[in-house]
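The two complexes that follow have chain A in common; it is paired with chain B in the first and with chain C in the second.
== the complex of A and B ==
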């Protein structure tokens, strides 16, 4: 009789321990610990990545890329007053929230080592150098073809084909192909 | 306590301890798995992979549209060439930022679509010769990427040749009429005259344009009027002499076509892609949504 009591007590104790373990694990955050800075960077990265993805989906990013440096550029890093759809997205999402960013357009140029151009959200040339090391980064690529029209005005109007535009920032990387160049748009945000 | 009771107690106690230890191991393992998949780095890797794939698939669609254009012939070769140049430039650009190695090749066997054509003037009948009253070019069709008809002559007597596009609830018709018979033609869409004149009629059913002897007209296209998929039928095809090209995804009835009358054509191209990143390496075959935008 006493043996049965001990057995029952042992089983009950085991159940209590297992149940406590289950409740304990479900009550705590099992994710890795993050400092406040890491959480802030992660949030910025998500916003930057979402903004670029959305701009790519709607075509605003393509228009901005095909517009940059063509004629009188409207994509110019202004914090306010831009009429370019992509820059308005950046203004609304980041400038108005007190965030700053640099935008880098990387492309292929076999004839030169200059394969990147930068656009800053502040009207200071030093901003590129000022960006902190813990900034968030997001990238998206835009593929350009020879017969794609350059974008003019507020980047929604169509101009001549890219391959016929003088002074466009990216050269024809594949002259024997329909592919004109691939531009990687990198948004560095802090 | 007798010896048998003590032994029983020790046995049950041992089992209870074993259950606790085993359960703890299980929970610890699930904790490790949960920790692994909820790590910020892992979540970022998954999200970036999804973004990268979406971006590449958009580019593949743009390239397909640009290389296809209005020229049916040689699309596969042009697209293959564009994919080679695209991946080379893509890899050069993203490599400088520690990115991804990408390879993309056209997978013709996994692509969807067929093409049929009548390159020299003949009656608008089944390629196998039948279908005088009516015959199906294809059924359950969507999408259509090429549908051009060149009308050289119409009979002008009896019922005129009519192309009927149906989706189960509504229909769209194009009538190839002509009086007197011969080169005099009139193209009617849903009963409304859109082009007329004397000479060869060139009709693009997807652009909604027709042209006879330099005089052109436009008409509403079936893809705007009806939702797919479509059944496309030719009625009274013996009344006209035509050349045509038709490429689409759909069912091309075996009874209407011989083995050489239809061929594969990548209306919806499939592309084998390889992604090689610092954190993951994998292959995917994707069907490309051709983007004309």
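== the complex of A and C ==
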């Protein structure tokens, strides 16, 4: 008799605890644990991929890629020396909002066996010294063909075809095909 | 006062000191573990703002393009949001933001377009179009705290140079 009473008491107590837990959980919003840094990085990531998407869409990214090392020494938003449309986009979206970034171009080498990466934005004092552990990354790919004209001036004027330009940074990865090179543009932002 | 130990008094004093210490630490130490739990409103509203921003950009984009938002055409973002109620009920329904329950109210949403020259100045005031109309929809965020916001980088079609090179579509949720 007494044993049954203890068992019943245990069962009742367990029901009370489970009910309280379920009720309590339904009253609060549970979500992933996120710190402020993670939220900031997520916001930057959205902006970075938006900017690259938009630049790819308008052709500004292609122009900047076909222009780099022919008409422009660096591609950065500070607009010292050159002001291409892509650099203006970087300037309004990141430089003027107090964000630092590095821009990389990654391309096939001359026999398309390995990829090489070049830092094409300017190494300023700030973005060398304060490169943090948390950074947002966005990438976009640009395909160049042999007969695409190199861009000169502010990257809107057309020059000779890429395959005929001497000072262009990327080599012809597949000389037998119409594809000149496939360049991956990577924006690292913090 | 007799010579026995003052157990109840000891207990009361000891517990008070402990409580005051714990509350003092939680209240005055900055950047402690407590900071992570600060303003849960923003944490809850951030995904809502992201979702609303994504809905606006994807739904109003020119077909076949990314981040090119239809502005002044029929069915564009301007016509749709102007035709909406003051609290953007239609937008909230379509973007799946009507989440009210017994304990929770629907989020309030404000949509703002910031033009390139304002961005250059580092500000977030809404753009003004040719007809003198401010490109901001929904209730004002003035004086609101715990506002979650998401910024999408877009170009508006036929916006006469305001979005050269870019505009921002800022969605604020609170």
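Keep in mind that, in the parts below, the second predicted complex is superposed on the first by the 128 of 190 C-alpha atoms of A that agree within 3 Å, B and C clash if a C-alpha of one lies under 4 Å from a C-alpha of the other, contacts with A are read in each partner's own complex, and residues count from 1 in each chain.
Keep in mind that, in the parts below, contacts are C-beta pairs under 8 Å (C-beta built on N, C-alpha and C of every residue); 3 or more make two chains touch, one makes a residue touch a chain.
Here the structure is a predicted model, which means the values were calculated and not measured.
Chemist: In the overlay, answer first, second, both or neither for which of chain B and chain C A:43 touches.
Modeler: second
Chemist: Let me test your reading of the model: by the given contact rule, A:53 touches which partner, first (chain B), second (chain C), both or neither?
Modeler: both
Chemist: When the two structures are overlaid on chain A, which partner does A:107 contact: first (chain B), second (chain C), both, or neither?
Modeler: Only chain B is touched by A:107; chain C is not.
Chemist: For A:11, is the partner it touches chain B (first), chain C (second), both, or none of the two (neither)?
Modeler: It touches chain B, and chain C stays clear.
Chemist: Look at A:85 in the shared chain and tell me whether it touches chain B only, chain C only, both, or neither; answer first, second, both or neither.
Modeler: The answer is second: A:85 touches chain C but not chain B.
Chemist: Touch check for A:97: first (chain B), second (chain C), both, or neither?
Modeler: A:97: touches chain C, not chain B.
Chemist: Going by the contact rule set out at the top, does A:25 touch chain B (first), chain C (second), both, or neither?
Modeler: First partner only.
Chemist: As a test of reading the superposition: which chain, chain B or chain C, is in touch with more residues of chain A?
Modeler: B
Chemist: Applying the document's definition of touch, where does A:158 land relative to chain B and chain C: first, second, both, or neither?
Modeler: So A:158 meets neither chain B nor chain C here.
Chemist: Indicate the residue numbers of chain A shared between its chain B interface and its chain C interface, in ascending order.
Modeler: 31, 34, 53, 56
Chemist: If you look only at chain C, which of its residues touch chain A in the complex?
Modeler: Touching chain A: residues 36, 40, 43-44, 46-47, 50, 53, 57, 65-68, 103, 116, 119-122, 150-155, 165-166, 168 of chain C.
Chemist: Going by the contact rule at the top, pick out the chain B residues touching chain A in the complex.
Modeler: 1, 4-6, 8-9, 12-13, 16-17, 19-20, 23-24, 27, 31, 34-35, 38-40, 44, 47-48, 51, 54-56, 58-59, 62-63, 66-67, 78, 81-82, 85-86, 88-90, 92-94, 96-97, 99, 293
Chemist: What does chain A use to touch chain B in their complex?
Modeler: Of all residues in chain A, those touching chain B are 2-3, 6-7, 10-11, 13-14, 17-18, 21-22, 25, 30-32, 34, 38, 42, 45, 49, 53, 56, 59, 106-108, 115, 139-141, 143, 145, 147-148, 173-174, 176-179, 181-184, 186.
Chemist: What residues on chain A touch chain C, complex-wise?
Modeler: It comes out as residues 27, 29, 31, 33-35, 39, 43, 46-47, 50-51, 53-54, 56-58, 60, 85, 88-89, 91-93, 96-98.
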